[in-house]
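After this come two complexes, each holding chain A, first together with chain B and then together with chain C.
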Partner chain A sequence: MDDGVDGRDTPAEVDATFRTLRRVAVGYFVVFLVAIVGFPLLAITLDWWSASRLVGGMSPGFLMAAFGLYAFFALIGIAAASLSSAVEARMLGGPGPSGDALDDADAAP
Partner chain B sequence: MRGGSQPLAVALAAVWAVVYLVTQVLVHPPLGMLATLAIGVVLSTAVVLGYPSALRGPRVSRLGSPRPPDPRGVRSGLAIADAGRSMPLRSGLTPDAARRTAELIRPLLGGDAIAITDTVQVLAFVGHGADHHRVGGALQTKVSRKAIDKGRTVVVHGRDDIGCPEPGCPLQTAVVAPLAIGERVVGALKVYRVHDEPAPRVLVEDMASMLSLHLELAEMDRERHLAADARLDALRAQINPHFLFNVLNTIASKARTDPEEARQLLLRLSDFFRYAVRQDGHFAEFAQEYFFVRTYLSLEQARYGDRLRVRYDIDPQVLTTRVPVLTIQPLVENAVKHGIADKVSGGTIRLRARVDPLTRTTSIRVSDDGVGMPPEVLARLTAGERPGGAEERDRHGGVGLWNISQRLSTLFGERYSLDVESDPGHGTTVDLRIPLR
Partner chain C sequence: MNLPSAAVLALVLALVAAVAIAMRPRGTSTVDFYLAGQRVGVVTNAWAICGDYFSAASFLGVAAAVYVSGLDGAWYAVGFAAGFVPVLLFVAAPLRRFGEFSIPDFLGRRLGSERVRLVAVGVVQLVILSYLVPQGVGSGITWQLLVGQGVAGLSPYATGVLVSTTVVAGLVAFGGMRGTTWTQAVQFLLLLAALVWLAAVVLGEGFRYGDAVAGLSEAPLTNPTLGADGWLLGTEPNQIHPGEQASFGEPGARYGGVGQFALIVTLALGTAGLPHVMNRYFTSPTGTAARTTTVWVLCLAGLFYALAVMLGTAARELIPGAVDDHPWLRELTVDGVLRVPEHALPVLGRIYGGDAGLGIVAAGALIAVMSTIAGLLLASAASWGHDVYERHINPRATQRQAVSAGRVTTLVAACAAAALALSMGPDAFSSVTSSIVATMVTWAFAVAGSALTPVFVLAIWWRGTTAAGAVAGMVTGTALAVAMFVTGTVADLPLVGEVLVTPTIVAAPVAGAVTVLVSRRSRVPDDVERAWSIMHGTAADRHAERLARLTVAEGRRGKGRWRRAGR
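Coming up: the complex of A and B.
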């Protein structure tokens, strides 16, 4: 038996959190997909994407493939992970930071 | 500009700056204008839609309003209209506001010294003679007492008539105009000069009238906030004692058969009351209100069992928005008490929360598939009438809805909507739309 004072989450709350997290995942997947599909589309439809020179004689397409996509993947991964954990923290368990502060105030002499 | 829009505007400006740099300045040859605009529009749309998704971390308390700008930096040639707009007395007749007001209006009135008093003491004194006309001291001059007692402007031409007990006081003339809230004199504006010609009486009276208007507005603000606080307190006090009895009975019945669940219910009950009585201010993060609602519903579910089903549909973007406290739970309570409780087979309560980033509104919908309400009751509720008898209040929960409506009106003015739709036998839907904060 759990001796702590943590409350249990009801099935409805867990279900709601799951659906919200699924919405986050789908949203970020759509962003990911748009970026991945957009890359070859730009190469096909926009000559400027491959023919112009941006920095060090490299084209925007080359720079994007060499550096930009990795930065984008890292950014989107971090954003999705932090948003998901923030959603979980806010939708399950206690009232969050301010509630903890109230508990601390109660504990003070 | 509202606090929430400013970072968005900065982000949009940064997006367009980067697009311009990358497509026009740093690259050779530059991208065509149409393609550049298309990229900018696509990225701007992405930023606008994605902005509320970025959870903005723990919020600091926003109880205090931003401090008004320091009037000491205002130039002497400031127009009276500008002074009126930034008048510190708008926050009430306090020593700090009086000092800043005196500093602000001194160049406008052409006085060598300006004093603002209440009916008892000097709140601010700026200029010649400040060494002995002490702030916080009792009214020294007879002329102030005369203006306050009679409620009209007094002009004094001689040093003796001012009645300052200090022998070396340089002040020679004074114009003293009363400051009033309605008919009640609450203080005085005094303009002194060190030479024989007093400040223009009409100018001082006009300024006193303007200050009085600001004091009146401050008083109205204070009364409005007091009314909003009272409504919030009333809502807190309205937590139904029957609810407490029912939950305690449920806990008592489970104490023997399922002690662990009884313990969980006690913890939830403790959380419920702690949240209800400890919320300061009028706004809270939606996640906290959501916690309050699910705590309430879990307690009711322990009582109603399978008859009460719950479905939450929460947008991730809405979790960090700020909503008026104790607004959603009364709507859910109404759905339980007046929708589901009276239906033998029970029903489902749905809480749906969304953010619309383009219109910058938060939308909250509480719906149930319970018994609904008769059209005449719905008509009375939507007309904004306060329910009359105790029986009607108890049967339809109109006071809770009326109270919420009044509080929202105080907080948002016309910028909110609270719609109730009900189909007898099929349930009720309450739709709330408030500005995104």
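Coming up: the complex of A and C.
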């Protein structure tokens, strides 16, 4: 275990942050689950999803498997990481990462 | 293989070895050997994770799967890429903040139990071996296909297994995590460069992706099979609509309805339990850096797999028309369709880049195998050397002894994997499964996703998780996954068989439920609140970031003083 905890996160702060992050993670996971279960389901149940032709002759189903889902995973990752980091910055560590130390160091002669 | 392709291959391997030597560990501490001093930057770590994760199954296998079964093959790419979303949401940041050496170390400390640690070591070794052996088999096959000659009286297959395992084991034992990180980062960049080059060449020659998918989907999907009368081209039956023929652009060429979901869930949940990938997160400087690293990995994985799917389609579209101009294709194809789908990328490379193009793709395939073997050997060494040797065999070991133990276990694991790969050649299981490489890699994902991921996620997100619950969950997940997988591989059971060979969709929920039920009847560890503060608090992150800023500022001030003194 790292022993670098400086004691400024109280158990109540950590617990509140943990619960918020858990809601964020579960929320995004549900969206993720709906997508990875939903797209194969559409391919199996909707003929239009596999048979119609969109961009350059690809069906919506192939378009998603070729490009769309990877973009979706990246977007979901960026959104979840940004929100989680923002939650931690706001709920933990008192005034937040102000960069005082750096400012002080830069101001020194 | 002739001179140009051999020269490309030798150049690439020399570059990787040079990086390993240049970036060897500077100290003799276990933190340096196993965790690269916990100072690996976000982008470097993302490249290294990609080098670790993209094995031959990703480089040659995804394109081959798309080549042979169209849209159904693309689900492999989707599943592999999806795996990092659960890692980002549930694992990356808290795992790094807890800051241990390996998955067994994390679980053992978090739950305060040596029994958990030892059971986790067993599961981790099973996953590593399941992943390591097919990499050895893959390197043997690659050497057999692309070099075609053995050395010192050995067969080409045995030469490939021994050369790749020996080289990688030497690099890992010498370079530790620091050297391995940089070699894996370089290996990933070379791998990506090979794919980008091939895609650019193919597109430059006039390949139109959308038109190709539309054109290929108009006729029934056909593939060669070896029968009593030799190789024959036959149409693929549709697994979703029995009695109909499968099409390239529609689902059903390989999996039925349930099989599509089972495959994606198995691959998506398996990633979070892969020891060689998870161990890389311990090398990040902070939890936030580990999270950002995963975002980079998601973007890079998307690019990598999108290119692999496109090139699988390109191979299907372009190879039939190239047979007349390239007579060497005749012995590899049946009516323009490749007999071995894993040849798709090497053949495209040779068509558009000649022998040097073949060398680039061959180097990419061997690099993919070698970087994954490196990560697996290091994960194995961390689990044997740190969790077994340092904890149970020699608890008073000095840092030098512990690092030596890590080096020795690396070599032992490499020998064991090479011996198994040599004993089970690619033909050994041909009556049971079409591809031992793909089958065993899926097995590794299945065991990791069924036994480790549920326990891992519960240990991070549920205070009530106990040592007894974790042991019960890991044992249940492993036993159920192995039993289902073996049954599904050996017995030919329609409908149920698809779920049996990709068992995580059943085994992971059962393992999670068992963990919860047993945990509710046993005692929670005493220091759970302290563990919570470390995993979900950011005090250590802020401390590390402050130190880094001060170091940077001090460096700037030092430079300023040096410049003023110079004037």
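Rule of thumb we're sticking to: the second predicted complex is superposed on the first by the 87 of 109 C-alpha atoms of A that agree within 3 Å, B and C clash if a C-alpha of one lies under 4 Å from a C-alpha of the other, contacts with A are read in each partner's own complex, and residues count from 1 in each chain.
Operating definition for what follows: contacts are C-beta pairs under 8 Å (C-beta built on N, C-alpha and C of every residue); 3 or more make two chains touch, one makes a residue touch a chain.
From a predicted model like this one, the values you see are computed outputs, not experimental measurements.
In the superposed model, A:Trp48 makes contact with chain B only, not with chain C.
Touch criterion met: A:Ala81 reaches chain C, while chain B stays clear of it. By the touch criterion defined above, A:Arg8 reaches both chain B and chain C. In the superposed three-chain model, the partner touching more residues of chain A is C, compared with the other of chain B and chain C. Overlaid on A, the two complexes show chain B and chain C touching the same residues of chain A, namely 1, 5, 7-8, 13, 15, 21, 53, 55, 97, 99, 102. In the complex of the two chains, the chain C residues touching chain A come out as 71, 74-75, 77-78, 81-82, 84-86, 88-90, 93, 97-100, 109, 208-211, 213-215, 217, 240, 249-251, 257, 260-261, 264-265, 268, 288, 291-292, 294-295, 298-299, 301-303, 305-306, 309-310, 313, 461, 529, 531-534, 536-540, 542-546, 549-550, 552-554, 556-557.
Looking at the complex, you find that chain A touches chain B at residues 1, 5, 7-8, 10, 12-13, 15-16, 19-21, 23-24, 27, 31, 46, 48, 52-55, 60, 79, 82-83, 86-87, 90-91, 94-99, 102.
Across the complex, chain A is touched by residues 22, 26-32, 35, 46, 50, 53-55, 58, 260, 264, 267-268, 271, 274-275, 278, 284-285, 287-288, 290-292, 294, 297-298, 301, 309-316, 319-320 of chain B.
If you check the complex, the residues on chain A that touch chain C are 1-2, 4-9, 11, 13-15, 17-18, 21-22, 25, 28-29, 32, 36-37, 40-41, 43-44, 50-51, 53, 55-59, 61-62, 65-67, 69-71, 73-74, 76-78, 80-81, 84-85, 88, 92-93, 97, 99, 101-102, 105-106, 108.
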